[in-house]
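Provided herewith is a single structure, encoded as structure tokens, for subsequent inquiry.
Every chain is named by a letter (A, B, C and D) in the order it is written, and numbering of its residues begins at 1.
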Amino acid sequence: MLHYPVENLDATHAKEWLRCFQRVRQASETLCAPLHTEDYMVQTMPDVSPPKWHLAHVSWFFEAFLLKPFLQDYQTPNDAYDFLFNSYYETHGEPFPKPLRGTISRPTVAEMYQFRAHIDAEMARLLNDPPLDRLGEILSRVEIGLHHEQQHQELLVMDIKHILSCNPLHPVYRDDVRERLLEITETRQVQTAQQWHRYTAGVRLIGKDYSVAEGPQRDAGGFVFDSETPRHRQYVAEFELADRPVTNGEFIDFIEDGGYQRTELWLSDGWHHIHETGWQAPEYWQLVDGRWHQMTLGGLVPVDPDAPVCHVSFYEADAFARWAGARLPTEAEWEVAAAELPVAGNFVENDWLQPVASDSEGHEGPHQMFGDVWEWTGSAFRPYPGFKPLEGSLGEYNGKFMSGQMVLRGGCCATPGDHIRDTYRNFFPPQARWAFSGFRLARDA
Amino acid sequence: MLHYPVENLDATHAKEWLRCFQRVRQASETLCAPLHTEDYMVQTMPDVSPPKWHLAHVSWFFEAFLLKPFLQDYQTPNDAYDFLFNSYYETHGEPFPKPLRGTISRPTVAEMYQFRAHIDAEMARLLNDPPLDRLGEILSRVEIGLHHEQQHQELLVMDIKHILSCNPLHPVYRDDVRERLLEITETRQVQTAQQWHRYTAGVRLIGKDYSVAEGPQRDAGGFVFDSETPRHRQYVAEFELADRPVTNGEFIDFIEDGGYQRTELWLSDGWHHIHETGWQAPEYWQLVDGRWHQMTLGGLVPVDPDAPVCHVSFYEADAFARWAGARLPTEAEWEVAAAELPVAGNFVENDWLQPVASDSEGHEGPHQMFGDVWEWTGSAFRPYPGFKPLEGSLGEYNGKFMSGQMVLRGGCCATPGDHIRDTYRNFFPPQARWAFSGFRLARDA
Amino acid sequence: MLHYPVENLDATHAKEWLRCFQRVRQASETLCAPLHTEDYMVQTMPDVSPPKWHLAHVSWFFEAFLLKPFLQDYQTPNDAYDFLFNSYYETHGEPFPKPLRGTISRPTVAEMYQFRAHIDAEMARLLNDPPLDRLGEILSRVEIGLHHEQQHQELLVMDIKHILSCNPLHPVYRDDVRERLLEITETRQVQTAQQWHRYTAGVRLIGKDYSVAEGPQRDAGGFVFDSETPRHRQYVAEFELADRPVTNGEFIDFIEDGGYQRTELWLSDGWHHIHETGWQAPEYWQLVDGRWHQMTLGGLVPVDPDAPVCHVSFYEADAFARWAGARLPTEAEWEVAAAELPVAGNFVENDWLQPVASDSEGHEGPHQMFGDVWEWTGSAFRPYPGFKPLEGSLGEYNGKFMSGQMVLRGGCCATPGDHIRDTYRNFFPPQARWAFSGFRLARDA
Amino acid sequence: MLHYPVENLDATHAKEWLRCFQRVRQASETLCAPLHTEDYMVQTMPDVSPPKWHLAHVSWFFEAFLLKPFLQDYQTPNDAYDFLFNSYYETHGEPFPKPLRGTISRPTVAEMYQFRAHIDAEMARLLNDPPLDRLGEILSRVEIGLHHEQQHQELLVMDIKHILSCNPLHPVYRDDVRERLLEITETRQVQTAQQWHRYTAGVRLIGKDYSVAEGPQRDAGGFVFDSETPRHRQYVAEFELADRPVTNGEFIDFIEDGGYQRTELWLSDGWHHIHETGWQAPEYWQLVDGRWHQMTLGGLVPVDPDAPVCHVSFYEADAFARWAGARLPTEAEWEVAAAELPVAGNFVENDWLQPVASDSEGHEGPHQMFGDVWEWTGSAFRPYPGFKPLEGSLGEYNGKFMSGQMVLRGGCCATPGDHIRDTYRNFFPPQARWAFSGFRLARDA
């Protein structure tokens, strides 16, 4: 992703952004290329959206926030799309009910792709000849629109996995996924015991500002969501952090030790939730002939004991931590540790589409913090001190969800590598499991 | 439909049935021809099934009840179809959950049509060279399988209407539907006032036997579902029956007279149901600029005051009748009247796909009893005296639904004309509205 | 209960009715005498009403339908009672929500008894000096009010049983109940095998008219609810009826034969219902050390194999009948058989408060048709041909419930003996079990 | 409340604690003295418990955690109480289902008081002659048991208010409540405009340790719940805090400005919640002749514009703050401000049982932080760094609720004055309103 410069903008920048736009837009379509038309239609649960909807909604975003406000003479192909493909922007207009997204067969997939092509052409028209007096505003919105589309690229992978795995025929996403996954699993089989790494106490700078640079030890600028701002001080006490996420093998130990049956390990809400749902293992797991297997985008494979455990809820992560005599890190602790590390890992570009064990090279201190699995933290998703939402409907982007959700950090195997950073705050309700969500342990020093 | 002879069967009969089989099978595919692949996938509510599922399920029926038991060396294309496409035959195996039918993208529509082609080819193989010693059993099951498929043809029309109408884009089924409907509506605009026709009291023969003929005034034989048997005596008191169904215009009078607000008109269950749902008019109706319109397979059109009211629940039919100082006929009363009439009317072959006013020709006594709208009766769907369900899993066909449902009679504009008869008992829960359901009035003499 | 004469009424009749009124009113209070104040308050499920509510509601009935319309200068002690103690008369005013009846602590029990005393005194004032020109109307309403109160006496017994049985302390209704029950159980231990009794076919008169007498073989007149009218003809085919209800011992055989696990025995609604609820035996049953016990008003006692099975739903009765190769009788069949029998049996006056085996005396033909258990029939509760509801709000008494319910016949061990008759139609939803509901078998001849 | 000394304990201390025990126990009974037996039984919603249950449960606490483990030869009056009166201690045994607490009529109220008397007598026996070697443990549990009982005293007031207010008869708690409330309201009518008070940035000590004293500016020791520990460092940025809670008058301005209709003011969860519930004003408010009134323990009274708004959810508090261009304080901010103030205010001892305007005396800086209304903060209820739950079942006291709840601070008009402190963390789900919950505003400096 380009970094968005704050001054001295001219038409050259718009053209650079157009190329970036085209690259990100193409990535969404590449992700969906293996799908059949029928797959584009499915909504397996209210949290999941049909792939067709995702591809249309991210296009709607550019229409609603760029083309309609900034491109003279812009014509929408269909007025009703504004209602159908608005996700949750209530100030923009009442959105179509989310749980019914799978009931909408028209526009067809082909018409949806025509809508995308229309948006792409019109965006090219806008960025090839932008109104220069509003260029800052325009490029800022292009940037958020592309990060938005990248978020939906990750959601597409999560949702496609759910859509295929609910089918008793066990269809695969692509024929080569399974082999690629088994191959990398094979080479990553050695997993050392978890090590603790200690961090000293002190006042730390957490989050990031909209402005460019903050110091020599950090990247110069770059995109940031409103929820990551402002950069502010937090006192972080001395703590220890595990060098890697909890593995499937360790989680199997928890299961076999009666973890799902021991009330003292669970938060009250979690205990009730696992009783209502009957959960006895992570999402996508099943016992086959006494051995744990899991659904992947390549179909059902044996659980790799060395890979990070994935598709667990916050409740399960929290219960495991209590069982292990540890706790989840706060998001500040996680960020302090991550700030020292390069943003590298198993991202969607690896095309493994599943978390895998870290490679066997010796690591000093924490690793695998980026990619593989989103890591549940012990922090509720609440505004940072001094937080201000964006103006207008974009103010609904993150701020209104700061209730009832927990923060996850670090991205996963479905995240575009240039979408993530140490300050990035993802969030899900504590019972969500269909994301690639795992966790690592922390403890008081 | 052929009539199924009970003796002296030979290979010629099997070939005749094969031609019949091919005709009915083709009719299902013709109905779905206007659909896009995406339309085949949609389940708008648990009662509705995706068209793809319908087409697969009726094929499964022939596989499960004919090919597997009777065709040597029969190979299923996919073992999982037996689970996916079983509707409710619990003794056959646990069926896939009905409300999730819309979440299954594979088999694709193309694969489903391959499954149909496979079934068709194998059925041809069976009927071209049938085991003659089991021919009676085989042809009997072919016949029920074809009537079963015809039932799903009607469901396809109902469900496609629901699927399209839930879409804010208001897509139409075929481009010519609207024009055809407005054309016939135009020619049927004169609707005379409702007339009452009196029937004398006496013991009547109701229902039909599996055996061939019962008397000179009835057809010689013909198919019958288990629920219509046996033919038995009922005492029917003197009564009067309206000569035609209640019209849209009359139902608008009911609405405008506060019908939906007057508690004294409603059954207790109905009163609670309309409060929970907020119903203020029949399904598919909406006010546009102060005038009632309704969704049809040709899109939104003004309500024709002369056509039979349609898409009302039993509760609404019952409340209207009370408002009109009348009542619904019992199913025996309806059958007594219908037995005197030819089985003719506005069926799916008319391709109007919507009830229309009867033609302006003078009628003596009741008419429009077949076709246009299924007519709610005041009778609960319960077994006739002496009722015996079929053997084996086919015994689940009707018998197990004889609780909590009301009987409707006469077929509708989506029913194949050779599928209906005077003794035919359809049934729906009292709150169902997505069928083409209307009603006519009766009263005590 | 007095029989209500239709003409030549004078003040003497009013005084006779006053004595009858006082007797029935006293019976309600006698039933509640063993309760603690706390027991009067409890609503264990929406179907159950707190005893305090029952006692107040039946008094409200006299206030709303007699004192306010007919007694000059009548003053209600509290205007809000008209809202709080209206059960379901929507045309009278919106009733207080039924599921919240247990949340109303005021009026207190003592205040409720003061309300009763007030009603009693005012009713005495009315009946001691009635407006003679409206005496027919008044006495008619007194009679329905007393039958209404008797219905609630039975509900009181059912509800008190549920209230006490839900309490883990297993409180008893009265200390002597258990001993009385075990005593009578002891003397009734011989139960002969079920015998079938045949009835010939023909047109039968079913139901009863409001008018006095109908023929020499029937009682001259007597009270009748609107739902039992009018007396009308039904053709009843030849059938056989079991001489006694199905017993606990026979129902245990059904359980032990896997009755609750065999899908082919169940109506579809019933099969889903037992899966949602987990039912494996009748209500109030539990296994203690491998033997079936049941909660009674005297606490937990072993199930008596010879007593009629009780607290089963229609679904369970229907499944048992299918298992036994039989069916439930229609309500017309039941009535044909009952019309020949005296109205005698185990009623509330026996004070056993539980069904017991019939005495060992030889019986010719069916017995135990009155008392012990309400018997589920195979008939849906629908209006008789020619049915007309009462005028005004009393028209809501039965008519509006003629949907979604099944008919039960014969009264039970909680029914006042002078409240029941052969034409009496009770009704409950098919899943209800907290009534004293059992069944007997029928079969086609 | 006594302060619990950690060393040199002897029998004298036990006797002092016995007097304290007797005083707190008596206070619970005094609160319930105005109730009728019927009031003790009511559970108006799952969150509310019947007063009888509260009084029994707090007694069970002493039985389960003191008498059974420490008093030799202790006999429980009823083994089943251990099941019935356990609230949520899953490690102690499966508790009786909370939503059914209102269905338990036995033990009666009188028997429950006998249970209390039994516990009181046995606790006296224990504390008059304690096993000196375990005295520290015993007195520690007595102390937590008494704070536990004080928490239920507050719940009793909240629940009694709900129980009485749901009754259409509008019963009052005591006859003098209304007059007392109107009297104090009268004298407190002058409410000055809200003032902001600024606090400088820095690392602050938040929370409290189990150990005795922490510095000259704080109380020497005192009780603390596990959730308040340990005392730890937090960086608190510069902020401003309102000098008083938001008033009813200000909240009416919010309502009249369309606050409940403006989606941009609400968290997403809150927006959906107010649409599901239809909330248009705080709990207990209703319009009477165009003027806002509210239910109090003295019945319906006009809303006092100068008193703190009360019975609002976190969602409403958060929406109001956004409307006012401010935010809720974090719990650390609140505690920093409160640490400077004496613990004084409108507590349950004032016996006004309703928040009232602060007195007209000039205040420097924030006031009314203790008493009147619990103040919603913007902080989710999560463990402090270094938090450790208590050993054994008491570890369930607070820790397992640290999910899905928001922190409230400062106590209310129903809180015992010696139960509250600056570090006290109360918590409720964001939609809860039946507590005396209000809020004050904060803003970034």
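Things worth noting here:
In this section, a residue touches a chain if its C-beta (ideal position, glycine included) is under 8 Å from a C-beta of that chain, and two chains touch if they have at least 3 such contacts.
Listed by chain with UniProt protein names: A, B, C, D = Ergothioneine biosynthesis protein EgtB.
These numbers were taken from a predicted model, which means no experiment stands behind them.
Chains touching both subunit A and subunit D: none.
Among the remaining chains, C is positioned farthest from subunit A, on the basis of C-alpha centroids. Inter-chain centre distance (subunit B to subunit C, centres taken as mean C-alpha positions): 39 Å. With each centre defined as the average position of its C-alpha atoms, the distance from subunit A to subunit B rounds to 48 Å.
The geometric centre of subunit A is 61 Å away from that of subunit C, both derived from CA atoms. The set of subunit A residues that touch two or more partner chains is empty. Shown are all chain pairs that touch, namely A-B, A-D, B-C, C-D. Contacts from subunit D toward subunit A in the complex involve residues 88, 90-91, 201, 203, 232-235, 237, 239, 263-264, 266-271, 314-315, 318, 327, 330, 378-380, 382-383, 385-386, 395-396, 400-404, 430, 444.
Residues 36-44, 52, 78, 80, 83-84, 96, 100, 102-109, 163-164, 166-169, 171 of subunit C are the ones that touch subunit D when the two sit in their complex.
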